[in-house]
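Attaching a single structure in structure tokens format; questions to follow.
Chain nomenclature is as follows: A, B, C and D, assigned in order of appearance, with residue numbering initiated at 1 for each chain independently.
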């Protein structure tokens, strides 16, 4: 098992003006990633930016691993400029994946949280009731292919430019008989609301968290979150947690 | 074959490349990437008497060619370290150096005592220099009197080799180096991180929850090389150099100015095998330069004569 | 339109963006690239009583996200500065601030006196902090007693606004800031360069002919922001912030922590119009954020409450 | 006049494994460069490496300015990886050019000093007696096209792998009746020898110097050289100096 490796960039294309997908082949013999896991990916060939960036498994298809990323700062900006054929370093797959759904499940994605959720519904396609929310239609990606992946899908935007006007919670509230396990990835505020929503209904809820990361392997202690069992590393003990374990 | 082995206050290291405290966990975290038997020494995360939770997140932030961290010395405490972390490390034939600290002189001494008695600990690294604690505390590393007191108190109970890790946030690193030696340190290590701050200009808040943090990485290397050079000029005890080392070339700068060993910190995050890459790069350099023994590289700096005109 | 004008110890600046001493020559060198009338102030290369030749070359070396310099304060001397360089600068409607230094307190005073009497000099910047001079000298910036003496002596003869430029090579920048204020400074500016060193590993020699040099550029920005923030907390007089500013965003960090003005140094070399780009970027930022007046951005930092658990 | 400008990279090709030529169009209305002048050229799109690098005018042809550079360190390494079409910043043309030769002249190039000397003989072609030396044939570039440019050309290599075995001085000593002005660019030791050689024969001698540079415009004082008239900036008062003015 060799989770620190070099890979050639096989694709690095924008899916909208601020979001791109980067693709590479997994190394032979290396553990294949599971939905919910992530890679630490090199973003520049030099020493600035220095640290690798954490990106979730978006898709495993055509013998390639695909990571979807939003261009939000210096690191992702650099990443978006790396040409095809360039060789970059990766560490991964890292972290605890989503537990395998037993039967149908509710998948909730907010913003770029869709990257991780996409990895999940791609694997357990046709069992997912997807709720995918964003600020506006411009920030929703690949709605058609995502629709095809899931059994049912419900979109929401804050401004009503696509799907329901409102949050994913508003969308959830409109659907009856949602009594399956919940899987969610998105911004902190959304996750809090989702956890609340699930708790009220007595549903099991798994959430994928984000914290600033340096090492990705549990060594630097930069990415901690408080749990009932003390502080845990999001990179190693997560990023997926049972919502009941988290103390926010 | 060239000789890479060095001796640091009685401990023989296979090679002069260690991990820097706090950047390699308790060793286990990187054991998948690095054969720990190949390292010169493993320096573990700073340990205190009781477990510590450290600071709120965000605890790190990236800066030009470097990073700020304000972990806040989260650790499992000396008891759990000895019972849960040390047994794993004892499997390896590599010296384990334990970085430790306290909130008071009494805590320093008590922790030192426990570690001194622990099987499998080769040396202790006294951390007086972590800049992330509440006001007042950081004076251990920047106030000469406080620093002397803590070194002397710890020295009294420690029979194992004692390394003092110095803070770079001082006017005169030579003085702090000499004081460490005079107070009984068997070696000194430097530099720890330099206190820094970054601001989120939209929120008008520090990016780190702790407001300030310690700067590490390539950005600080020229400062680290200068300080290690200054320290080497004034002490007889071995100096362990660190700060921004990414490659063997970087490490060699530290050896040339006089470091007997080096530690790799931030580079581990970027390249989990950075330590091994430095070791093999060092070996190649010695071979190419026709140097048989790393010890004959150490301290070979030739200064330029000062020819300033006026 | 937003207001960019600030007042520094009685001098009204069109905007809070100056040049950093030693990085903009005597103004003339960059007049082809920058309309000098657009600058907040021009701070010229450090001036001494007699002309100085400075250090041998190489005088600069690039480091990760920064550079080392050991120019050694080469300058034309105060007489030629006044007769040959100042007339050019007088053509512009921009305050000229003259950075100066001496090898002894007497030289500091004599130079200050000459500049104080010179027409077209708006303020004096007392440089106690250049780290490139022979041993002993740099103590002016790191030794509290020496620094106090030189400020008091200079203050006695200077009727124009007096800015003291502080060294970052100190344990306690707050203390140095307060001392400057107490000794009569009308403003302080910081940071000067941080002493560093780089080694040519093939030759086993320092890359700079002067052996050590001063580190500047983006690498040091987090350290500079922290020090400016610390200084702003303890003094009433205006603080001029600098260190690694490349963009308006960088400058805004300094304003938020409390700097009344900023200076652009190394960035001029990379982008001769860096000062103008910072000014226009600042203007856009204020407009976008709905801030009418730069003065209402200054010192608006909201700290995180310390919630360390133990 | 606008000597700080952006230009698109029109070419960036290796002429041998460690030497490349980068090309761009001069900005409209900007002063055209003269042989002996140089540009400060951006080598990376980020802030590391930070400083621009000084490179001499190698050639002005096909509406483009060409700079020849040897890949010797971090900066030139980055430069060699910039793709065509990328926009980079330049400052220049900078410095004092070679004085116009009155009649025939001796042009002496050592190593990458050929960049600057090439710019000169290209302009004053057929008047140049070129002496071009390098360590070995691998380090000599474009010997054929350079031969065609000059009236006569003499090559030398330390190992004798091309031209005479020896230094440019050895080559000079083999030719009779060299009584023209001398123009030289190359490493310090070679220039010292050339200056000596010219002095012994009472020939006027212009040399182009190199010093580490930060600003390129005389502001930082990093690139000084001692002259009979005190310290001068190589970037502003040079890089071309009359050898009799220099105090080495």
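The rule we apply is simple: a residue touches a chain if its C-beta (ideal position, glycine included) is under 8 Å from a C-beta of that chain, and two chains touch if they have at least 3 such contacts.
Keep in mind the model is a prediction, meaning the values are calculated, not measured.
Measuring centre to centre with C-alpha atoms, which chain is farthest from chain D?
A
Rounded to a whole Å, what is the gap between the Cα centroids of chain C and chain D?
Computed value for the inter-centroid distance: 36 Å.
I'd like to verify one number: the distance from the centre of chain A to the centre of chain C, where each centre is the average of its C-alpha atoms, in whole angstrom.
46
Specify, in ascending order, the residues of chain C that touch 2 or more different other chains.
53-54, 64-66, 217-218
What residues in chain D touch two or more of the other chains?
Within chain D, residues 47-48 contact more than one other chain.
Just say which it is for the chain contacts: an open line, a closed ring, a star, complete, or other.
Graph shape, chains as nodes and touching pairs as edges: complete.
Considering the complex alone, what residue numbers of chain D touch chain C?
1, 3-4, 47-52, 74-75, 89, 91, 211-225, 230-231, 236
Provide the residue numbers of chain C that touch chain D in the complex, in ascending order.
Residue positions touching the partner: 22-25, 29-30, 32-33, 45, 53-54, 57-62, 64-67, 69, 71, 74, 217-218, 246, 266, 268-273.
Of all residues in chain B, which touch chain D in the complex?
Going through chain B, the ones touching chain D are 64-65.
For chain C, which residues are in contact with chain B within the complex?
50, 52-56, 63-66, 68, 72, 133-134, 142, 169-172, 194-199, 201, 203-206, 208-212, 215, 217-223, 225-226, 229, 244, 249, 252-253, 256-257, 285, 300-304, 306-310
Any idea which chain A residues touch chain C in the complex?
Chain A reaches chain C through residues 47-48.
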